[in-house]
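Pasting the structures in now, so scroll down.
In what follows, chain A forms one complex with chain B and a second complex with chain C.
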Partner chain A sequence: MTKVFQIALGILAAIGGFVDIGDIVFNATAGATFGYQLIWAVVVGALGIMVYSEMCGRVATVAKRPVFDVVRERLGYKVGVTTLCASQFVNAMTCAAEVGGLAIVLRYLFGLPYRPLIVLAVLILLLSVWALPFEWIERIFGFGGLLLIVFAVAALKLDPNWGALGHGFVPHIDTPSPVIWAYFVIGLLGATFMPYEVYFYSSGGVEDGWVPPHDLKLNKLTAIVGYGLGAVLSISIMVVAAELFVPKGIEPGFLGTVALAAQTPVGEAGLLLAILGMFFAISGAAIDTALAGAYNMAQFFGWEWGKYRKPSGAPRFTLTWIGFFLLAFLVVITGVDPIFVTELSVIFSVVALPLTYVPILLVAGDSSYMGEHANGRLASTLGWFYLVVIAIVSVAAVPLLVLTNMGEG
Partner chain B sequence: MTKYRFSKDAESLQSLATEGGLLADGVADSRTTSAFVRTHAQELAADTEKLASVVASTEPEPGLVGKTKRLAALATRAAAQLRLLAKHPSDAAMATDIRAALNHTADAAEQLEKTL
Partner chain C sequence: MSERREMDLAVRLLDQQIVDWAGRRCGNVDDIAIDGEPGKAATVKALLVGPGATQRRRPRLLGFFAGPSFGDASEVEVPWSEIEDVTQVVKLKKEAGELGLGAGDDAAARWLRRIPGS
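What follows is the complex of A and B.
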């Protein structure tokens, strides 16, 4: 049972990359547009983020150095500041989108007006992070997000075409719109590598007090199981959308459309589980981004940091995560569409992506830091392979976003 | 309004109306919650109203004038049905009628697109 609780960090970090507000709608749109064709992209992305999270968790455990500590040292101050600015912009925009998403989910639950619910959403997030110890944040929002497993149940009830589903694990193009196909592939891969996942994950390892050698196994297990579950949720949403929306010609544009996809085969219980799952997943992603923003600042500038400290013991860290939620509030109260904001944050994440992952790979492979725990041949090969994937995502994301009018064609 | 744009707008209307029909279906069969139906029907209605307004305000290519007017009228009607659903999110009898009307609108939008 203790092991089950210990992997909560991986689940919470994975939620940000697979089932946050933007991903929930994006996965459903991918399924509604291409059926099962893009499942492989989720699998490729999941393996990549497992590789890098394991690496940065290992660095945090052995060298006690979370990601931004490493970024500053390996890239120097100027490039480090560029990475910090791009990362913080992505964190802030994504946090804003999640706060807006949380207010939308609260609307689905209570039917109240949107703007007062933004206030309620921010209060829920502020109180949760202020009052709960880190491990309970991981458990409540990580395991709560797993309520989205209702989409796997819905997928099974819809009796999918197993042959076509299996074929979806093999990369192939079967569409008259290859550019839009490419946009969705890059979008799915880019989402799984959102930098705040590794900032949160590696800092979380320090928060959880991981020590070698025992916790290196836990780190591996946490990365594999956490991101594996994230991928299962992501694929389940895609399958439900493929089964339900493709024949009906529905283009999902709202969180509600995705919730409706759980209700149709499972009934009212399915709807409620889907909405509650979204509540925990989106709240978890909001907390991921706000804390990641505070971790980055504190690690870059050398402040005291950590949820394991009292707020008075890490005042600048505490003020930063509070500031992130307040900034998010100011952004979404303007009425901007949260899903549009997440799509926009992709543009800025392309700057942060390579600058975040290169230092992790370099330090994880450096035996002067890591000793006997430095990358072996397999981790090194996978790390370099995925660095190429990340570079392709970075180069292709913005042109495809423009060329396809954000996938609208 | 070009043929391409018309086709896209007709597809959007078909999608919105079909989704509205699915939402109404849940009300008719008591498989949903009032808060969800009210909120989501409002979202769909707002998008459908926006679509109706955009279609109505465009200058159609020759040959698309009648079809564009028909598409705008269908979108306006669908938006009204969705507003009605948002106003009566737990009325099963009314939802049955709304479901039929929205499914009819979706079919009509699909037919319009096929005539291009």
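What follows is the complex of A and C.
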């Protein structure tokens, strides 16, 4: 049972990359547009984020260095501060989108107007992070987000075409709109590599007090199981959308449309579980991004940090995550569409992506730092391969966003 | 720190986390002051910490965002003689406050302590 609780960090970090508000709608739209064709992109992305999360968890365990420590040391102040600014913008915009998403979920649950529910959403998040110890944040929001497994049940109940589903694991193009196909591939890969996942994950490893050699195994298990479950949820939503929306030509532009997809095969309990799962997953993603923003600032400027301390024990860190939630509130109270805000953050993640992952790869491979725990041949090869994938995502994201009018064609 | 050891200052010292003797994080090495003149041996005189020390290293475009001081003194000079050890972090011999470090966190903590449960 202890092991199950210990992997909660990986699950909570993965939720941000696979089933936050943007991803839920994006995965469903990908399924509704291309059927099973894009499942392979989720698998490729999941393997990549497993590789890099394992690396940064290992660096945090062995050298006690979370990601932004490493970013500043390896890239220097000038490039490091550029990375910080881009990352913080992505964190802030994503946090805003999640707060908006949480208010939408609360509206589905209580039927109240949207704007007062934004206030309630921010209060829930502020109180949770203020009052709960780190491990309980991991457990409540990580395991709560797993209620979205109802989509896997729904997918099985819909009895999908297994041959076509299996073919989805092999990259192929079967569409008259290859540019839109490419936009969705890059979008799925980009979402998987969203940098706040590794900021949160590596800092969480330090928060959880990981020490070698015992916790190196735990790190590997956490990365594989956490991100593996994230990928399963992501693929399940895609399969359900492919089964239900493709035949009827439905475009799932709203969270509610995706939740209803669970109701068709599983009944009202399915709908309730889907909405509750969204509540925990989106709250978890909001907490991921706000804490990631505070970790980044504190690590870059050398402030005291950590949720394992009382709020006044790491005061500037505490004020920063509070600031992130308040900024998120100010953004979404304007009425801006949360999904649009996540799309906007993609533009800034273009800068943050390579500048985050390069230093992780360099430090994880540096034996003067990592000793016997430095990257072996397999980790190095996978690391460099995925760095190329990340570079392609970074270069292609903005042109495809513009060319396809955010996937609208 | 008195023992002789070889160290790449740019990699092992610059930009590293500083912790005081009690383990409190209290800044990063933002710059290094080196004593010396042409033809003579150079020695590390002090570590420079704070927004003032990073001013020379900031990209112009991002300068506005790059140095949030939150009450910190603009530049604190930590004499090399006050360094206990350099490992994964730079460890001080004294408490942060005695060397003028951690003022920003202290100021923020005074404000935060007004909130119940802090």
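By our rule, the second predicted complex is superposed on the first by the 409 of 409 C-alpha atoms of A that agree within 3 Å, B and C clash if a C-alpha of one lies under 4 Å from a C-alpha of the other, contacts with A are read in each partner's own complex, and residues count from 1 in each chain.
In this text, a residue touches a chain if its C-beta (ideal position, glycine included) is under 8 Å from a C-beta of that chain, and two chains touch if they have at least 3 such contacts.
Worth saying up front: this structure is predicted, and the values here are computed from it rather than measured.
Would you mind checking whether chain B and chain C clash or fit side by side on chain A after the superposition?
Here the two partners, once superposed via chain A, fit next to each other without clashing.
Centred on chain A, what angle do chain B and chain C make, from Cα centres, as a multiple of 10°?
140
On chain A, which partner's contacts cover more residues, chain B's or chain C's?
Between chain B and chain C, the winner on chain A residue contacts is C.
If you stack the two complexes on chain A, which partner ends up touching A:Glu304: first (chain B), second (chain C), both, or neither?
Touch partner of A:Glu304: chain C, not chain B.
Figure out whether A:Leu272 sits in contact with chain B (first) or chain C (second), or with both, or with neither.
After superposition on chain A, A:Leu272 lies in contact with chain B alone.
Based on the superposed arrangement, let me know which partner A:Gly163 touches: chain B (first), chain C (second), both, or neither?
neither
Classify the contacts of A:Pro176 with the two partner chains as first (chain B alone), second (chain C alone), both, or neither.
neither
Return first, second, both or neither, reflecting whether A:Leu260 touches chain B, chain C, both chains, or no partner chain.
After superposition on chain A, A:Leu260 lies in contact with chain B alone.
For the overlay built on chain A, what is the smallest gap between any CA atom of chain B and any CA atom of chain C, in Å?
35
What residues on chain A touch chain C, complex-wise?
63-65, 69, 72-73, 76-78, 80-82, 85, 130-131, 297-305, 310-316, 318-319
Can you list the chain C residues touching chain A in their complex?
11, 15-18, 24-28, 30, 49, 54, 57-59, 62, 65-66, 68, 70, 88, 102, 104-105, 108-109, 111-113, 115, 117-118
Which bits of chain A are touching chain B when the two form their complex?
Interface residues on the chain A side: 107-111, 248-251, 253-254, 256-257, 259-260, 263-264, 267-268, 271-272, 275, 409.
Could you list, by residue number, the parts of chain B that touch chain A in their complex?
Touch residues, chain B against chain A: 8, 11-12, 14-15, 18-19, 22-23, 25-26, 30-36, 38-40, 43-44, 47, 106, 110.
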